[in-house]
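Contents: one structure, followed by commentary.
We call the chains A, B, C and D, going by the order they appear; numbering starts again at 1 in every chain.
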Amino acid sequence: MITALVTIIILAALAGVATVATAGAPKEISLADRIDALLPQTQCRRCTFAGCRPYAEAIAQGAADINQCPPGGERTAKALARLMGVPPKPVGKEFGVVPDSPAVAFIEEDACIGCTKCIQACPVDAIVGASRHMHTVIAADCTGCELCIPPCPVDCIVMRPAPAVVR
Amino acid sequence: MTARELLAGGLRIEAHKQRSTKAPIRAASLTERYVIPLDQHSGLPAVPLVKPSDRVRMWQPIAQPAPGISAWLHSPVSGEVIAIEPRPAPHRLGAPTLSIVIANDGRDRRFENAAAIVSFEQISPNEACEHIARGGIVGLGGAAFPTANKLESSLCENGPQLLLNGAECEPYISCDEVLMRERAEDIVFGARALLHALCSPNCTIAIEDDVPEAQAALRQAVDKAADPRIRIKVVPAIYPAGGERQLIATVFDAEVPHDGLPADIGVVCQNVGTAAAIARWIRDGQPLVSRIVTVTGDGVSEAGNWETRIGTPFSSLIADCGGYTERMSRLIMGGSMMGTSLAHDDLPVVKATNCIIAASALDLQPRGLEMPCIRCGNCSQVCPAFLLPQQLHWYLQPFDSDQLARHGLLDCIECGCCDYVCPSQIPLAERFREAKPLLARELDAHLSADAARARFVARNERLARLEAEHRAKLAQKRRPKNEPTS
Amino acid sequence: MSALLLILLSAVLVNVMALTRMPAWRPFEAVTGTLQGAQGLAIASLLAIPTVAAIAWSLSTWLLEPNALGYLRTFVFVIVAVAVVPLVELVLRRDGRLQPQRPGFTLLVTTNSAVLGIALMVDARMQNIVDAVSFSIAMAVALGFLMLAFAALHDRLQHADVPKVFRDAPLALVSAGIMALAFMGFTGLIQE
Amino acid sequence: MTFPTAPAPHAVAHDSVGRVMRIVIYALLPTVALHVMFFGAGLLVQIVLGAATALISEALALRLRHKPFEPFLKDGSAIVTAILLALCLPPLAPWWLVVSGTAFAILLAKHLYGGLGANPFNPAMVGYAVLLVSFPVQLLQWLPPAGMDIEQAKLSMGETIQTILTGSLPSRLTWDAVTSPTPLDALRTNLKMGMTMAEAQAAPIFGALGGRGWEWINLATLAGGLALLQLRIIRWHIPVAMLGAIVVCASLMYMIDPGTYAGPIFHLTSGASLLGAFFIATDPISAATSDRGRLIYGAGIGVLTYVIRTWGGYPDGVAFAVLLMNLSVPLIDRYTIPRIYGHAR
C-alpha cells in the first residue's frame, strides 16, 4: 500500500515537473491570430469593432458572429465558419453590402481644402498631404474602408474601382 | 532527337497548312479605308501625331509611342485622316478601341524619310535599337510586343544569344513558312541587324522538321550570307514547340525562370517575321505597315498567304480569297488552338494578325458533352509547362487558392493542349484562363492584407505613443503648479 | 497474434475515426481537417507513443509487477502520458511549421486513447524492451500514416460532388468502413 | 454577317469517356472468352446479371442525385465495374453475390463519393472485398479448368443458369464434385498441410507457368493489357511498377527459400496479378495521378499483393492491396507534384 502511494506520488511529482518545465515555452498561435489572418484587413469597422484585429478578438471570445465582415464577403465568412466549426452563413445585411469589386478612395483634388480630417480618419495611413495642402490617396495602400468619406467637409472623396493587379 | 525534346510535352496535331501554302505570297487588294488601332501592340496605346482631315503620305508616322512600352504607327497608304475614333478591333475581341481611320487616295505617295535607310554596321547598337523602334517594329508572332523594348530589356554584358523563331507550330498558320520560303534573305539580313543591335554572339534560327522547302530556302540564304554566327536548328513539329519558353527549352536545353524573362538566361527570342520586317525597314526604309496574313479554312473558296497592309478590313481579304463558301461557320484570328473567335469580319488587320481562319463545321467539329474528369492524365502528358491539369481542374471547384498555387495555375500558358486530348471534353484552357486572374488577385489580396495589417498596427502604436507623450507633457505642465503646495 | 493485429488495426482505425471525423470534434478541425494540422499531430503521436509505451512498459515490468501493483497499471499509464505529452509539445514547438495551431492540442493528444491503448497493449503482449519499443514505433507509424492519409483524403473529398446528406461525417464513416475492409486483408498475416 | 464565337482552343480531338470505357471492355474480351472456354458459361450469366444491376443502380443513384441519365448510363463505366467484379467471382456463384456486390460498388463506393470521377476507392474492388469478407466460402468455390484432363462435371447452359439463380446444383451433382480451389488457394492449403513447394505444385491443376487454364487466361489478359497500352488508354507506370514489385518480392523470397515460396512466374500468371496490373490498378479515377505517383502507387500494390498472398489469410491480395493504396492516393498525389517548367529543379 505504501509502495503504491509512494509510486503515485513520485509519478505525480514527475508529471508536475514536466508540466511546469514546459510552461515557459512559447504560447500556441492564438485563436485571435488565426482569425485575424483570415480577415481582409480592410479596417473598415463595418463589423462594429474598431478594426479587423478587435473583431478577431471578439470572435475568439465568442462576443461576435462570423458573418459581420462585408469586405471579406462569402469567402471570409466561409473560412471563418470552417475555422470555428460552425455552419457557414451569409454576411448579415445590417453590416453593409458585400462589394462586387474592390474599390479605393480618390480625392478630387480641385475641391480638396487641405483640412487633414481624412488623414486622421484613415486607419492604414494611405492618405498623404499636409495642412492646407491638397491630399492624395495612395491607391496601392488604400483598403477601400470608406472611413475617410464622412469626415470630409467638402465631400471631395469618391470611391473608384481599384487599379488592376499588375504582375 | 534528344531525350529532353521527347519529354517536353505537347502534341503532334494535324497542321492543315497544305492548302494555304500552294500558292506564293500575293498582294492583297487595296481598299478605300484603313483603320489603325492605336493599341494594337502590347503595352500602352500610341499617341496620335495627326488629326482628322490631315493629309498623310504612305509610310508617314501617324502615332508615336507613349512613354514606357509602346510603338510607332505609320500610315499604310497615302490619303486623308478622316477620323480618330473608337472602332471595333480584332485583338479586343471586336470591342471598339481608339483608331486612326485613313481614306486611301490610291496614289501611294511616299513619305520621304531621309533617315530611314541606314547601314546598320555604321551605327552603335543603341542607335540601332532606337532606329528599330522608329520603324514601328513589333513582334509578329502574335503578341505584338514592341521589339525595341524587348531588345533594350535584353541587353546584357556579353550580349544575349539570339533565337529566331520560325517554328510555326499552331495549326492553319503558314505565314512564317511562306516567308522563309520566299524571303529567306530578308530574314538573314534582319538576323544580322539584330545581332548587331544586341551585340549578340550568335543567332539560332529554329525551324520545324515538317517544312522541307522553307528549310532549304533558309539554308541557302544562310550559306549565301556566309555569316558564321548564324546557324539553323531543326526542331520537331510539336505543338506548342514554337512557344517562346518551349522553344528555348528545346533549342538551348535551358528553362526560363517562371518569374523571369528569357533575357534572365541570356536569350532573346524574335519571330522570323519580325527579322524580315526589320530588314525591310533598315534596308528599304519601309516601316511595319504590312505583313503576311494567312487566310485559310474550309469557309473560303481559295486559301493563301497575302501581303496585307495593316488596317485592311478582314472582309476585303476574304473577298480576295473568293468570298465565303456556304459551309462557312466561324471566324478565327490566329490558329485553331489559341486564336480568338470573332463575331464579324468588319475588323482591320493589325500587326498581330498572322492568320484568319474561315472555319466550317468540318474544320472545327463541335465539342462533345462535358463529362466529369476521370483523371486519365492525358492532359498532364501533353502539358508543355509540366502541370497537372486534372488536379488544377479538381481544385477549381470550389476554388482552392492554396492548392491551385501549389499546382502552378499561374504557370499555365493556356496553350489548350489539355483541352485537345481530354476525353471528358472539359474546356480546361478556358477555365484556367478565367481562374488565373482570380488566383493572382487573391494572392495579391493576401499580400496587401498583410501590408494593411502592418500599417494598421504601426498607426495604432504611433497613436498610442503620441497619446502617451501628450499625457507626459500635460503632467509636466501641471507639476510646477503642484510643487509649491507640496 | 493475428487476432491481436486485427484488434490493433481496428483500434487504430477507430481511434483515427474518433479523432478526426466525428461531428463532436469539429472544433478541432483546424488540427486534423487539414493536412498541415495532421502532420503536426502525426509527428506528435510518433514521438509520444513510443516514449509513453517504453516508459510504461519499464515501469510496469520493473516497478509494478515486482511489487504486485498490477492493479495500478492504467492509472500509472495515464500519468505517464500526461507527463510525456507536454514534453513532446515542447520538442514540436522548436519547429515553427509544426506548431500546434489550436487550443486543445494538449488535451487531444493526452486523451487520445491511442497513446494509452498502445501502452496497455505493449505492456500486455511484449516480453522485452526491444520488442516493446519496436512494436510501439510500428503502431505509431501506422497511426501517423493513417492520420495523414485521412486528412489528405478529406481534403480531396472537399472538391467532390458528394450528396448533401453524406457530406463530412457520414462519408468519413463509409470511408472508415471501406478501410476496415481493406485492412481485413491483413487477417492472418502474423502466425504464432 | 455574324458568326458564333467560342473560347480557344477551337478544335479538339474526338474522344469521350464512353470511347475509353468501350475500349477497356473490348480489351477484356479475350480474358472473358478464355474464361468461358475453361470454366463454362457461368461468367457470361454473371456479367449479364452484374451489368444489369450496375445499370439499374447507376440509374437509381442518378435519379436520387438529380443527374441526367443518358450521358452517365452510356459512358460504360458501370459496365466495366460489373465485368471486373464478375471476373473475380466463381462462375457458379449464386446470383445474389454478384447483384449485391455490384449494387454495393455502384451505390456506395461510387455515388456516395460523388459519382463518376470522384470515387477514391475502386468500386469493383470494394464490391469484391465486401463479398470476400462476408461470404468467403461461396467465393472460394471455383471450378476446375476444362479440357485439361482434370475430372470435371459438365454443366449445360440451362443448368448453369439454374445453379446461379437457385444457388443449388442440379440434383445429380454435389458441390464437392464440381468445385476445385484456385491454384493460389490450392497452393496455400497444400503448403499449410506441410508439403514442399514441389509436392504442392505437383497437383493436376498446376501447369507450366501457373495454374492450368489460368495461365492462358492470364496471357489473354496480358494481351488485352498490352493493347490498352498500345492504344494509350493506360500508361506503363502502374502495370510495370506493380508487376515489377511482385517479381522483385517473389524472386527475393524464392531465392531465399525455393521450398516454401513460389517463383515470380507463378505469381505473375496466377490469381489477379495481370488483371489487377492492367485493368484494376490502372483505373485512373482511384489511382495516383502523376507519373512518379503512379510508380509509387503501383509498387505499393505489388508489394502488398505479395505480402497478403504469401503470409495473409486470403489466397489473393490484389483487391485488398488496391484498396489500401487507394487510401494512400491523396497523400501520394500531394507529395508527387511534378516540377513545373521554369521552377527550380
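Here is the rule we use: a residue touches a chain if its C-beta (ideal position, glycine included) is under 8 Å from a C-beta of that chain, and two chains touch if they have at least 3 such contacts.
To keep track of the chains, here are their UniProt names: A = Rnf electron transport complex subunit B; B = Ion-translocating oxidoreductase complex subunit C; C = Electron transport complex subunit A; D = Ion-translocating oxidoreductase complex subunit D.
Computed from a predicted structure; not experimentally measured.
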To get from chain A to chain D along touching chains, fewest steps? 2
Most remote chain, CA-based centroid, reference being chain C: B
Distance between chain centroids, defined by C-alpha means - chain B, chain D (Å): 50
Measure off the straight-line distance from the CA centroid of chain A to the CA centroid of chain B, and report it in whole Å. 41
CA centroid of chain A to CA centroid of chain C, Å: 37
Centroid of chain C to centroid of chain D, CA atoms only: how many Å? 33
Going by the touch rule set out above, which residues of chain A reach two or more other chains? none
Would you mind listing the residues of chain D that make contact with two or more other chains? 115, 118, 333
Please output the residue numbers of chain C that touch at least 2 other chains, ranges allowed. 156, 161
Which chains touch? The pairs are A-B, A-C, B-C, B-D, C-D
Which of the residues in chain C end up touching chain A in this complex? 26-30, 33, 63-64, 67, 69, 72, 75-76, 79-80, 82-84, 86-87, 89-90, 93, 99-103, 105
Considering only the defined contacts, which chain D positions touch chain B in the complex? 1-17, 19-20, 71, 75, 77, 115-118, 232, 235, 284-285, 287, 289-291, 333, 337-343
What part of chain D is in contact with chain C in the complex they form? 64-65, 108-109, 111-115, 118, 120-121, 126, 129-130, 133, 304, 307-308, 311-314, 317, 319-321, 323-324, 326-328, 330-331, 333-334
Residues of chain B touching chain A in their complex? 437, 440-441, 444-445, 448-453, 455-460
Can you tell me which positions in chain B touch chain C when the two form their complex? 372, 394-395, 397-398, 400
